[in-house]
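Take a look at these structures.
The following pair of complexes shares a single chain, chain A, combined with chain B in the former and chain C in the latter.
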Partner chain A sequence: MPPAAPRSGDAIFASVERVNAELFTLTYGAIVRQLLTDLEEVEEVNKQLDQMGYNIGIRLIDEFLAKSNVSRCVDFKETAEMIAKVGFKMFLGVTASVMNWDADGTCCSIVLEDNPLVDFVELPDTCQGLYYCNILSGVIRGALEMVAMKTEVTWIRDMLRGDDAYELQVKLLKQVPEEYPYKDDE
Partner chain B sequence: MAAIYSLYIINKSGGLIFYKDYGSKGRMDTNDSLRVASLWHSMHAISQQLSPINGCSGIELLEADTFDLHCFQSLTGTKFFVVCETGTQHMEALLKVIYELYTDYVLKNPFYEMEMPIRCELFDINLTQVVQKDRVALLGR
Partner chain C sequence: MQFFGGSEISPSPPTPTTTTGNNAHMIYIFNRNGVCLLYREWNRPLHTLNPQQDHKLMFGLLFSLKSLASKMDPTSADKGNLGVPQLPGQGCSFHSFRTNTYKLSFMETPSGIKFILVTNPRTSDLRETLKYIYNLYVEYVAKNPLYTPGTPIRCGLFNTAVDQYVRSI
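The block that comes next holds the complex of A and B.
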């Protein structure tokens, strides 16, 4: 039986159950506010958001693989395209694009045109240094780790901090395939 | 008349996280099923090394005289395999459906710990429904 063809982000987004966007934005806002109240330090909140994102990412990846029917990506370039074109579309309903590839193809930027997490949000002066959408960097890091890639994901541009777009830098640190240790001499 | 004898799910380190048997034949106790699962995990990994071609993704089908074994491995390393009657059709499609049930009822359960044995009632209920539907469809053909 031939394997099913990979599905486009739009097709999957159209087929899954959706939630009210404002409920989503409000829920995320409530999480960030609560974290700020509990942890007080902006750096701590950034770390916690990243950790929460990581915990989501490690579970989300299987959902992504199951629904999108993709086969193994041949290189990191394809991986980045998958995240931007299928992943972001499928889960957030937004289109993202990949740019600024470095010379060896291990580092790129994912630029979000739209970001449902930040609708109606403005950062006050007391929260300078907060990466409001840091959960997204954790999600990408967690998801990629489960498919054998150790990455570093950081924010380059953030509209809440005055930039003109949301830009995430995804850097592949190393591939860590699950090696069956039958060659061990122990 | 069960076309499927049993279903196993193993985590990426080879530990058995789910085992369900559907027939009166081939019932196994917990220890045996754990052992069989680790054996399969090793065989699957070795098959990737044995392959003359790089990038082999491991055993997908094992045909014996009294049973077939279909295996599906997700890109995250979780393996789903089903032991069934010889010649049972559409097991790959069934495994894909079970994978989707896993991503829904197991992974989305916030109280499920990753890589641990699956104890999710919703997963069991939906799995039974899927297998039942499959069995009915098979009998109908």
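The block that comes next holds the complex of A and C.
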């Protein structure tokens, strides 16, 4: 039997169970508020959000692979397209686009016009250094690490700080091939 | 509470042409570091090694077979030397081998999770079965907040679900 073809983001998004978008947005907002109250320092909150995202990402990758049925991406370009078109669509219901490729194809930007995490959100003056959606950068970093790619993900543009879109820069640091884990003398 | 609606996962693949009941002998699930996440057996009359050695042997066997299969690939142009580590999923990967007494089916995901199912030799292609088990893994294990990735799976529901599904192969 030939293996099934990979499914498009829309098809999977239509078939998974969804939660109310407002519930999701408000829950995320409550998490960030609580972190700010507990940790008080904006940098600490950014780091914590990234760590939470990383923990989500390492599990999310299996769900993504199982539901979308993709085989291994040939290069980083394909990986970025997968994240933007299938991944974001499947989990957040929005499509992102990939742009600003650098010369060796190891660094790109993923641009989100529309972001369900930030509906109803305004940053007060006391939290100006906060990357509100930092959980997303952790998720991407965690997920890619489980498929053998070490990356660095940073925010370039953030609408909560006055820019016109959300832009994440994803930079591939290295690919980690699989090695035989046992020592030969055991 | 239902964990997943029927429409999400592709419907159970058609049962292969064998009699009902005990078709499967055992299942192993490994992660990319060689940790055996799950080992269940249903029908294994002969035990030759203790469990640790058995897991290492199985993992080593598959690692070598994969490497060998991808180096012998006549269709691929670029091959490293034998023994050079490959990214999971890159190059060709074998999916089963059969002897006169059993058939071993294998599936590896790009995230490094390896599923091995040993059944009787008359079962047909089990790739869809292994995909279904991967979906079960996602629902019961990956989404389980009490499970730490990289450690052996101790989840009763997952074991029951796998047992039940495998019994129907």
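Everything that follows uses one rule, which is that the second predicted complex is superposed on the first by the 180 of 186 C-alpha atoms of A that agree within 3 Å, B and C clash if a C-alpha of one lies under 4 Å from a C-alpha of the other, contacts with A are read in each partner's own complex, and residues count from 1 in each chain.
Just so it is clear, a contact is a pair of C-beta atoms (placed from the backbone, for glycine too) under 8 Å apart; a residue touches a chain by one contact, two chains touch by 3 or more.
Predicted model, so just to flag it, every value in this text is computed and none were measured.
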* Looking at the overlay on chain A, is there a clash between chain B and chain C, or do the two fit? -> clash
* Please work out whether A:146 is in contact with chain B alone, chain C alone, both, or neither, and reply first, second, both or neither. => both
* Asked: Just chain B (first), just chain C (second), both, or neither: which does A:72 touch?
  -> both
* Classify the contacts of A:175 with the two partner chains as first (chain B alone), second (chain C alone), both, or neither. => second
* Asked: Where does A:63 make contact in the superposed view: on chain B (first), on chain C (second), on both, or on neither?
  -> both
* Between chain B (first) and chain C (second), which does A:52 come into contact with in this model arrangement: first, second, both, or neither? -> neither
* **Comparison of chain B and chain C by chain A residues contacted** => C
* Asked: Between chain B (first) and chain C (second), which does A:17 come into contact with in this model arrangement: first, second, both, or neither?
  -> second
* **Residues of chain A that lie at the interface with chain B and also at the interface with chain C** => 1, 4, 58-59, 61-63, 65-67, 72, 146-147, 178, 180, 182
* Structure fact -> In the complex, the residues of chain B that touch chain A are 12, 42, 45-46, 48-49, 55, 57, 74-78, 90, 92-93, 96, 99-100, 102-104, 107-108, 114
* Structure fact -> Residue positions on chain A within touch of chain B in the complex are 1, 4, 58-59, 61-63, 65-67, 72, 146-147, 178, 180, 182
* Can you check the complex and tell me which residues of chain C touch chain A? => 4-5, 7-8, 10, 13, 32-34, 56, 59-60, 63, 84-90, 109-113, 125, 127-128, 131, 134-135, 137-138, 142-143, 149
* In the complex, chain A residues that touch chain C -> 1, 3-4, 15-17, 58-63, 65-67, 69-73, 146-148, 175, 177-182, 186
